[in-house]
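Heads up, the next two complexes both have chain A, just with different partners, chain B and then chain C.
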Partner chain A sequence: MTAETLLTWARGSAFDWAIGIFVFGMVLRLIEVLSLGKKPDLAEGRGSGVKGGLKTIVTRSIPRASVFAREPVRITNGYVFHVGFLLVLLFYGPHIEFIENLTGLSWPALPGGIIAGLGMITMASLVLALIFRLRNPVLRHISTVNDYLAWAVTLLPVLTGYLAYSHAVLPYTAMLALHILSIELLLVVAPFTKLTHMFSFALSRWYQGYQAGYRGIES
Partner chain B sequence: MSGPSVEKGINFIREQIDAPVASFFSSCVHCGMCAEACLFYTQTGDPRYTPIYKVEPMRRLWENEFTLWGRIKSTLGIAKKVTEEDFAQWEELVYDGCSLCGRCSLVCPVGNDISGMIRKIREGFSAAGYAPEGLIGATTRAITIGSPMGVRLPALKAQIGHVEKETGIEIPLDRAGAEYMVLLSSMEIMNFPEYLQAIARIMRQAGRTWTISSKAFEATNSGIQIGASDLARELVQRVVDAAEELGVQTVISPECGHAYTAIRWEGPNLIGRPFKFKVRHILEVLDEFREQGLIKTRGKEQARLTFHDPCQLVRKGGVVEQPRHLLDLVAENFVEMTDHGAMNWCCGGGGGVSANERADELRLKAFRQKKSQLDEIGVETLVTACANCRITLEEGLEEYEMDIPVVGLTETLAEHLVEEDQEGQG
Partner chain C sequence: MSDNKTLGEHLRERGVSRRGFMKFCAATASLMALPPAMIPAIAETLQNARRPSVIWLSFQECTGCTESLTRSHAPTVESLIFDYISLDYHHTLQAASGEAAEQAREAAMKENWGKYLLVVDGSIPQRDGGVYSTIAGMTNLEMLQEVAKGAAAIVSVGTCAAFGGLPKADPNPTGAAAVSQIVTDKPIVNIPGCPPIPVAITGVLAQYLTLGKLPEMDHLGRPKAFYGQNIHDRCYRRPFYERGQFAETFDDEGAKKGWCLFKLGCKGPTTYNACATAKWNEGTSFPIQSGHGCIGCSEPDFWDAGGFYKALSVPIGDAAGAITAAAAAAAAAGLAAGAVNRYHKQVAQAAHEPLKVEELSREEKS
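Moving on, here comes the complex of A and B:
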């Protein structure tokens, strides 16, 4: 198989399958959660559950001062990773083109050099996250093979993307094929690991926020 | 009723898994931040006390039975099942190592209500027979005698007699049609009669009618702490029956945190219908009186003092500003601890931990969190609004040889009442 046929496959049926599994998996997870239902709260409320739910979806992105003070580096690193990853994903020219082909939507891109820099920062934050996971007693205790799998499939697209951009190893076509395949791997794995949180975070924040809003308590 | 068994325990845990729980487990990213919020971890450094780890058996059950991947693993026989050994191993984490303080739930970045899940998993542990002796005893006494500490009506009547003699105010027992029905915690009846005294004086000044029911005067709900909803329901029902029989408008939960969330939030959900009366914490009522100008005070405490927010009031009850308004009336030198209010640290004795002698050593270790908060600001008096916090704080302070008296907010307020019409009556 040549690099070209690999790229064609990666862009073609492999991509369709990956997206299919991703969407099916995520919808399934959502149904698995929602179908369990929730009993109504019969206690006399103080406020609006809906407001509380929506508020918490937003405010939970900001750490509590007292916990931030205990773990400033770990929390900051979490931000760096999420912001870096999203910027690279959404503001690299070819990514935007790809999305435009798919959806017709388009927006201005960031210069390639900046994206490359962001990619490096993102990878550095992932490496740091791994070091924390391996060394922090709490993280060591609660981590499972799942966490390392999720880590690896998140790193691979960033790494292969960077290598393709910088033409460091392998011819461009081959590297690009690997890049796309690594994204497909991420898509396939995501619904069956903690990466589900990319959507379900809104649901869990909503549930806690809803109860808090209704009861008039902090969340 | 059949006795406890592991099978029953697993069934009970399964019953607790609803959409919120499933969303919490789906979202957990294993970031470990919840540990940083939990005094049982911060003060021991033992990662087993990581909040989310305390509900691992529940997570496993959820994965095995409510997710596709888990079901495939279960079918292939490669899923890790929940076993009797797990119950034995986790019992200490679920009861001794958690005061249900709710602090972890406020820091989880994906919004998991971990504290709520620990409350839920206890249903399974108590059904499986894996619960601490101290809590089993308290719950049994609550059901059979009517009080977790074994306080009976004659003891209450004796206390009422003392208070009436001392204040010259009649304490109305079983008075139908009163506005308020006052609940007490056993701890208050036995150790802090000043609370009842304060209530009598404040109610007189506010000109409000109130009563105590001889059938349901106990506020503490051990059924909730141990995680036995059927027993918790029975205890709530007693209060509901008494309140509805007397036709009161509002039931007042005493200076006790868990009692408040038990009757305020869990109560209606346990009996399966809304109450026909309102439930308020005593601090909410007092602050209402203050707003309405029904409380007149004179003079202020000069001591440098701070307020320990009971977890169940501040985090789960939403009673945050009221104690501050009230302290403003009677305290000149009020200072806040760092992390006061919604992020206050637990005293370590909530969630049944103080009723569980086995956990004493761990609880005193965890108390060092409170100690460091107090050391930082150096106060002469510690005010709180929970009899259970109060006992736990007193024990902790004694253990670490800290000479700080602990007082209740209601009684502190009552000490400053202007009681002109009563002058001379003593």
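Moving on, here comes the complex of A and C:
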């Protein structure tokens, strides 16, 4: 198999299978969560559950001052990773073309050099996150294979993407094929690891916020 | 037929000036990335060389490769490469036809057995005994096997001969194959392209004449001097790619400003060829310069790589179908699981026996 045929396979049937498994797994898990349902509210609420739910989806993105003060570096690193990853994902020209092809939506791209820089920052934050995980005895103790797997499949697309962009290692054809395959690995693994949080974060925040909002307390 | 004159004598007879000849030698040296010190050596060798016999076999092809070679550079000195070699058999270019043509081939083979250069353009059909393409009642497969036996080396010109090309495109009805899939015991150099750049063909022939060996090749058997570099890396539109400025259609503002053609399906990033540097039509332009993305014609199976107008970052299968099917299947599975869960809940509720206070007995402490 040449790099050319590998790339054609990665862009073709391999991607179809990967996105199929991703959608199947994610939808199944979300329905699984939603079908758990919740008990009817028998008492009259003091506030609005809906308002509380929507508010919490947003406010939980901002750390509480007291929590932040305890581990500012680790929390900031989490932001750096998520923001960096999303910027690279959403504002690189070829990525926008990919999204446009699937959804019809399109927006202006950021220059490649900026994306490359953001990619490096994103990778550095992932490495730092791993160091934090390994150096903290409690965190290390509660970490499972699942955590390390999620870390690895998140790092690989950023790493291979950076290498493909820089034309540094392997011919571009092979590196692009590996980049696409690494994304497919992420797609396949995501529904069965903690990476489901890319969607389920909204559900859990909504639930917490709804409960609190209904009772008229802060969440 | 080969004669006994040296190339120098032959060229002088043809009225080629020394200046023109040296220019050709210098161009050859630079094209093949040889040091300038090699130019006199090339000139010397070419001057005194006997014209080697070349047999050119055309199989499942469109003659585009020959057109490229003969038309686009005539009448420059490069076209005189035909004077440096003795082209003893070539369907399109030879005067003889029918049996006389085949006799010329056989005679050249006999006279130069083990020494002639075999050039092939076109793929070779293998299915059903190779009946899908025959010349003078002989299948391409038989002819290739026969002529290859006495060849010193083989040059596969064009993507069809090098990788199977268009005839090999899915579903490959004739079982088309590349030369290298059939002949495995001879040195083979691939000069792919649809068609290849003329100087890539002449450059390889010139190197073979002067150094007596095939050039340094990449993992796909292509001469590195011409196929060692990426179109994208050498593209004059690369700065627009870096800035994230792309033409969205062939006639929008971006296209008029000469922005990057990546989104219009340009395969420059995955294509290795000299188009962006050697260019076409005597260095006038190349596809990207004229506003169309690279189609990646010098790469294997370029025809089946998902369409010329789909960007490299875009899925080429049926992603929408996969997403719809997966979502529907997941919804069905999810609803079924939910129904099962509710059923279990109902069964559990029905089986529930309330416990009254009177039924409880206190365990006496001892």
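Note that in this section the second predicted complex is superposed on the first by the 218 of 219 C-alpha atoms of A that agree within 3 Å, B and C clash if a C-alpha of one lies under 4 Å from a C-alpha of the other, contacts with A are read in each partner's own complex, and residues count from 1 in each chain.
Rule of thumb we're sticking to: a contact is a pair of C-beta atoms (placed from the backbone, for glycine too) under 8 Å apart; a residue touches a chain by one contact, two chains touch by 3 or more.
Just so you know, these numbers come straight off a predicted model, no measurement behind them.
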Joint occupancy of chain A by chain B and chain C, clash or fit: fit
Chain B versus chain C, judged by how many residues of chain A each one touches: B
Chain B versus chain C as contact partner of A:G113, first or second or both or neither: second
Which of chain B and chain C A:T5 touches, first, second, both or neither: second
Chain A as apex of chain B and chain C, Cα-centre angle in degrees (nearest 10): 170
First, second, both or neither for A:Y79, with chain B first and chain C second: neither
Touching partner for A:F98 - first (chain B), second (chain C), both, neither: second
Touching partner for A:L28 - first (chain B), second (chain C), both, neither: both
Partner chain in contact with A:I19 - chain B first, chain C second, else both or neither: second
Partner chain in contact with A:Y148 - chain B first, chain C second, else both or neither: neither
Chain C versus chain B - closest C-alpha approach in the superposed model, Å: 6
Shared chain A contacts, counted only where both chain B and chain C touch the same residue: 28, 32, 35
Chain A partner contacts - residues on chain C that touch it in the complex: 220, 230, 232-233, 241-246, 248, 260, 262-263, 269-270, 272, 299-302, 304-306, 310-323, 325-327, 329-331, 333-335, 337-338, 341
Residues of chain A touching chain C in the complex: 2, 4-5, 7-8, 11-13, 15-17, 19-28, 30-32, 35, 91-95, 97-98, 101-102, 106, 108-113, 167, 171-173, 176
Interfacial residue positions of chain A with respect to chain B in the complex: 28-29, 32-39, 41-44, 46, 56-57, 60-61, 63-67, 70-71, 74-75, 78, 136-144, 147, 192, 194, 196-197, 200-201, 203-209, 211, 215-219
Parts of chain B lying in touch with chain A, wherever the complex brings them together: 17-24, 26-33, 35-37, 41-42, 45, 47-48, 50, 52-53, 66-69, 105-113, 264-269, 272-275, 278-279, 314-318, 320, 338-339, 342-343
